[in-house]
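Look at the two complexes coming up: chain A is in both, with chain B in one and chain C in the other.
After this line comes the complex of A and B, so read on.
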């Protein structure tokens, strides 16, 4: 029997994503020249400040791992001699190592942060990650928390936890206004929240579309958009437009059975970020007609999902629990941003607290297999990974684990061995390469 | 004094006997942010699930990486050593411990599990509200599980017992400030570890007796250079013993299983749960929760000076990310003050020969010719 071949086409909107990412990078590099403050963190409210840009070491460290193993190795060595453990998140070590060295990959000056507002809790490394620039250059640091709970709905816990997030963020904004003399533009912030809800809705639609056979996108495509509007803060309107374009193009691809991998016959999921320095393994799997349809991590851009009573797969919490109420004040905007349910807002719930949740994910996306890296560095990347693997095996999803240092750290990655493992694993499932 | 070590070494038997004696439930906990007084007030026995650092061939299927402290707890659960533990609770701290909390449930079924959120921003003026609300939720769930109402009187009693324990442990530690301490580092560590697996009233009685006996103890003479122990927690006194066999003395530690466990008291107030919330948030900062308002470095320096230490051993568990991330700053402050320190990385077991060689070299650096280096 011949192999089913779907039509493939490059994703048109990808060029736009690339352009926006480059623009963001430029804005960071120009921050000092333009007398704009640079905040290390996530700060979804930063748009309200006229002269504040946000940068996270997540995309920075990942990008360094992707672009130059040699430079990121130098950076990590610069951190290790100061006492950083080898098992620390490679993103942090890449990023802060460059800070210790004083320069970036292209030789330009390292953009020193002016303040730190860490994005707390999903991984302990997030909580601690802003520590290095604060300890190094004595800049202010504001810590928030991301309280959450599991179990039955508890209105009192919800209220207190949401209050904590809203109140702490209000305090941080007020502090920054007071210390730096910048006036926070509430209107701009409110507008950005309205737009952010739309980004999330589009992102959720894109994630849901990955249920289709053939999958309209690959995991690599998803990652091209993943940080835009999230960790990489781009112009809010342009961001919404980008996501709308992506949603439309994906919808069209689904309607017309345009595939990311024309020979799709095996669907796999993965866990957490991939080895950025070795994305070639996605292509390698395509030789088997195997497509990665994402991970709980990459689908986080659309929020947490669950099976509904009617058997459909949909967002666990309403994408806009604030509803149609008008957002009038800064506080309203923050409440709309945080929602009103402190359960399950955070992917930590699914990845860490409910390791069995990955089975629902695998079922929803009709996965045949799962490739679950075991990273030595960091903690969020690896915690409960083997439990997830066991749970998947129990429901008949084949699991491959492989080891490495961390998605941004090539040190311990044996690439040849990984490819060999992929061959053996696929062949053990009765699959042969379709082409070579 | 040896009784503490006995309890520690036979902690499972201790807990089983306690159960047989009282008919109460045992609640295992993973992190020192667990408000033990509330458990105690529910007439259950809070027991810290301490690791044993044994080579392990049980947990590999379930856990990758992870510090040995967290992993070994799961190993012991898998081996059935905690079969007397009725319930477990995890008060949010390090993620490897959360992993242990989760994996343990795949090896043993517990009649009660509870997850308490503890802010990472322990100093935030809004953090106490979350902690307080978590405390209330915890109290309610404990009442349901134990079928005991936790009254104010029971909480007062528990707070009193725990505060007494903290004061008595502080008295023991104070003795170590002397030029020739009559309590060794290994002994002190065993006392504080034992306190975490015992009924505190029993422990208090033992401490009171020991404090009466101690003045009669003869000084062993000059104990050698005075060292401080900093770093990831541990659940035995093997390292202290090794150091002390080499002719130095550990006079103070800054471990979450050591001094940080009992350092601050509950300051009583009308609202007992609020008083408890403030106590747990106000603990000496652990590496993970030492963020905006850096208190850990100052605390370490203060202890160093108060206990007249002459050098620091920074012992980190492999895969301990909180300490792996916090260490650069700790190294920096020690270097700035020219306080000698030695960085040791520990794994599941203590490689005695290798550690001995390294510690000998360090002790010699602090006090040349103290240890005759082996050829």
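After this line comes the complex of A and C, so read on.
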């Protein structure tokens, strides 16, 4: 029997994404020259300050791992010399090391941070990211809680946790206004939150399109786009426009069966990418007609998702429902930013939910298999990974675990062994390479 | 029909020639390190000679093992779990799991009632629990593998060495020697440590059944290890006469399929 072959075509919106990403990098590099403060962290409210930009260790650390193994190794060595261990997340050790070295990958001066804003996260490493910049250059640091609980879903508890986050953030904004003399623009912040919701709606549609066979995008596409508006804070209106363009193009691709992998016959999900320098692993899997249709991580921009009563998979907060709760104040905007549920709102939050949530994800996207790396570094990444594997196996999704350091760190990556394992995994499921 | 399978492992090359489902010749040699290409060629030539046939008599050759890509005369190659499954079902039709412990890998292959592979588990990248670990410690103690197995089998003492790390286990063995612990007790402890590690792979996903599990690979020639592993895992393994040739036989069977 012949093999089904779908038409493949590069993404047209790609050029716009690259342009925006370059512009963002330039805005960071120019911050000092333009007398704009640079904050280490990841928050949507920074847009309310007239002269404040935020930068996070991801995707910068990931980009360093992808573009220059030598430079990222030098950076990690610089961190290790100062006593940081190899269990530290590769992303942040890359960035900390560049800070210690004093220069970036292209040799330009490292943009020193002026403050650290909180990035509370269940991952111990994310929460720790501001520590080294604070210690190194004696800058102020704010920190917030990342509350968790176990047991049944409790909306009352969720509400209390959300209010805790809102209250903490209001205090931080007031502190920054007082210390730096910048006036927070509520109107601009509120507008940005409304725009962010439109991004979420477009992103949700893009994520849902990955249910289609053939999948219209690859995992590499998803990772690339979710940084724009997710990890890198680009112009809010331009970000909405980018995601609208992407949504429109993806919709067209679905309608016309334009595939990311022309020979798609096997769909897998992953927990994380491999170390970024090793993206050819996706190409290698394509030889088997296998496509990675995403991860909970790369679908984060459109989430959270859930199965509805009619069996469909969709966003927990219905699309186009935003106008039902108008945002009038700073508090309203912060509440909207943090979401409705403290628990289960984000796949990373709950160790109890994680193994079951990934099963729902696998079912929703018709996954045949799951590749679940076990990292030695960035400890929070790998929490429950084996349990996730067991639960996936129980629902008939074949699981491959492999070991490494962390996506930002290639130290423990064994390319030969991983490719051998992929062959074993594919052949044991009855698939042989279509080409070589 | 004559087919052949060649299993190119990290330590050894194994060749099996099959005529209508019956083994007519087999051969093995050390993998030869950097000279692996020559070693493959020599083992192949010697085995054909022993079978009294020439290469043109063979309908199909299938390679397997870590070095399967280094066999220029092979018509095809298959990954190791496929070879494991083929041979297990050929020798023991009731088999539901195969455990293959070789020089560099521990593999557990689960099979359904139709013989299809339902799961494959590989060991994590670590020397503890693999054949190379045994060889390393035996060398350190000044024994061959067979000697260490035989000596270990004569002990009923239960001293312990580290079962999480090959290097620590080796150091433990040396320290025990310095403490005056008997050679045979240390040898037994080494085998038990290895059994612990193999058992951890058996427990990873699908626990192999007590009476339908086949044990193959070079390590399955070691009676002291088998005893330790059966005690630890509670499994009564089915073990072929020449477990080190199982991969090559599986490849030959695949060639005949």
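What we mean here is this: the second predicted complex is superposed on the first by the 409 of 436 C-alpha atoms of A that agree within 3 Å, B and C clash if a C-alpha of one lies under 4 Å from a C-alpha of the other, contacts with A are read in each partner's own complex, and residues count from 1 in each chain.
Just so we're on the same page, contacts are C-beta pairs under 8 Å (C-beta built on N, C-alpha and C of every residue); 3 or more make two chains touch, one makes a residue touch a chain.
As the structure is a computational prediction, the values presented were derived from the model and not from experiment.
Q: Touch check for A:390: first (chain B), second (chain C), both, or neither?
A: Both partners.
Q: Taking the superposition on A as described, I'd like to know which of chain B and chain C A:85 touches: first, second, both or neither.
A: Only chain B is touched by A:85; chain C is not.
Q: Which partner does A:414 reach: the first (chain B), the second (chain C), both, or neither?
A: Once the two structures are laid over each other on A, A:414 reaches chain C alone.
Q: Touch test for A:353: chain B only (first), chain C only (second), both, or neither?
A: In the superposition, A:353 touches chain B alone.
Q: Touching A:428, do we find chain B (first), chain C (second), both, or neither?
A: Second partner only.
Q: Name the chain, either chain B or chain C, that contacts more residues of chain A.
A: Counted on chain A, the partner with more touching residues turns out to be B.
Q: Is A:25 touching the first partner chain B, the second partner chain C, both, or neither of them?
A: Touch partners of A:25: none, neither chain B nor chain C.
Q: On chain A, what residues does chain B touch that chain C touches as well?
A: 374, 390, 403
Q: Any idea which chain B residues touch chain A in the complex?
A: 61-66, 94-96, 98-99, 102-103, 106, 115, 117, 119-121, 124, 126-127, 129-130, 132-134, 136-137, 287-288, 291-292, 294, 316, 318-332, 343
Q: Of all residues in chain A, which touch chain C in the complex?
A: 374, 389-390, 393, 398-399, 403, 414, 417, 420-421, 423-425, 427-430
Q: For a test of understanding, state which residues of chain A touch chain B in their complex under the given definition.
A: Going through chain A, the ones touching chain B are 79, 82-89, 92, 118, 120-121, 123-125, 127-132, 135, 141-145, 147-151, 154, 156-157, 160-161, 163-164, 167-168, 171, 352-353, 355, 374-376, 378-380, 382-387, 390, 401, 403.
Q: Quick one: which bits of chain C touch chain A in the complex? Just the residue numbers, please.
A: 66, 78-82, 109, 116-117, 119-120, 122, 124-125, 205-206
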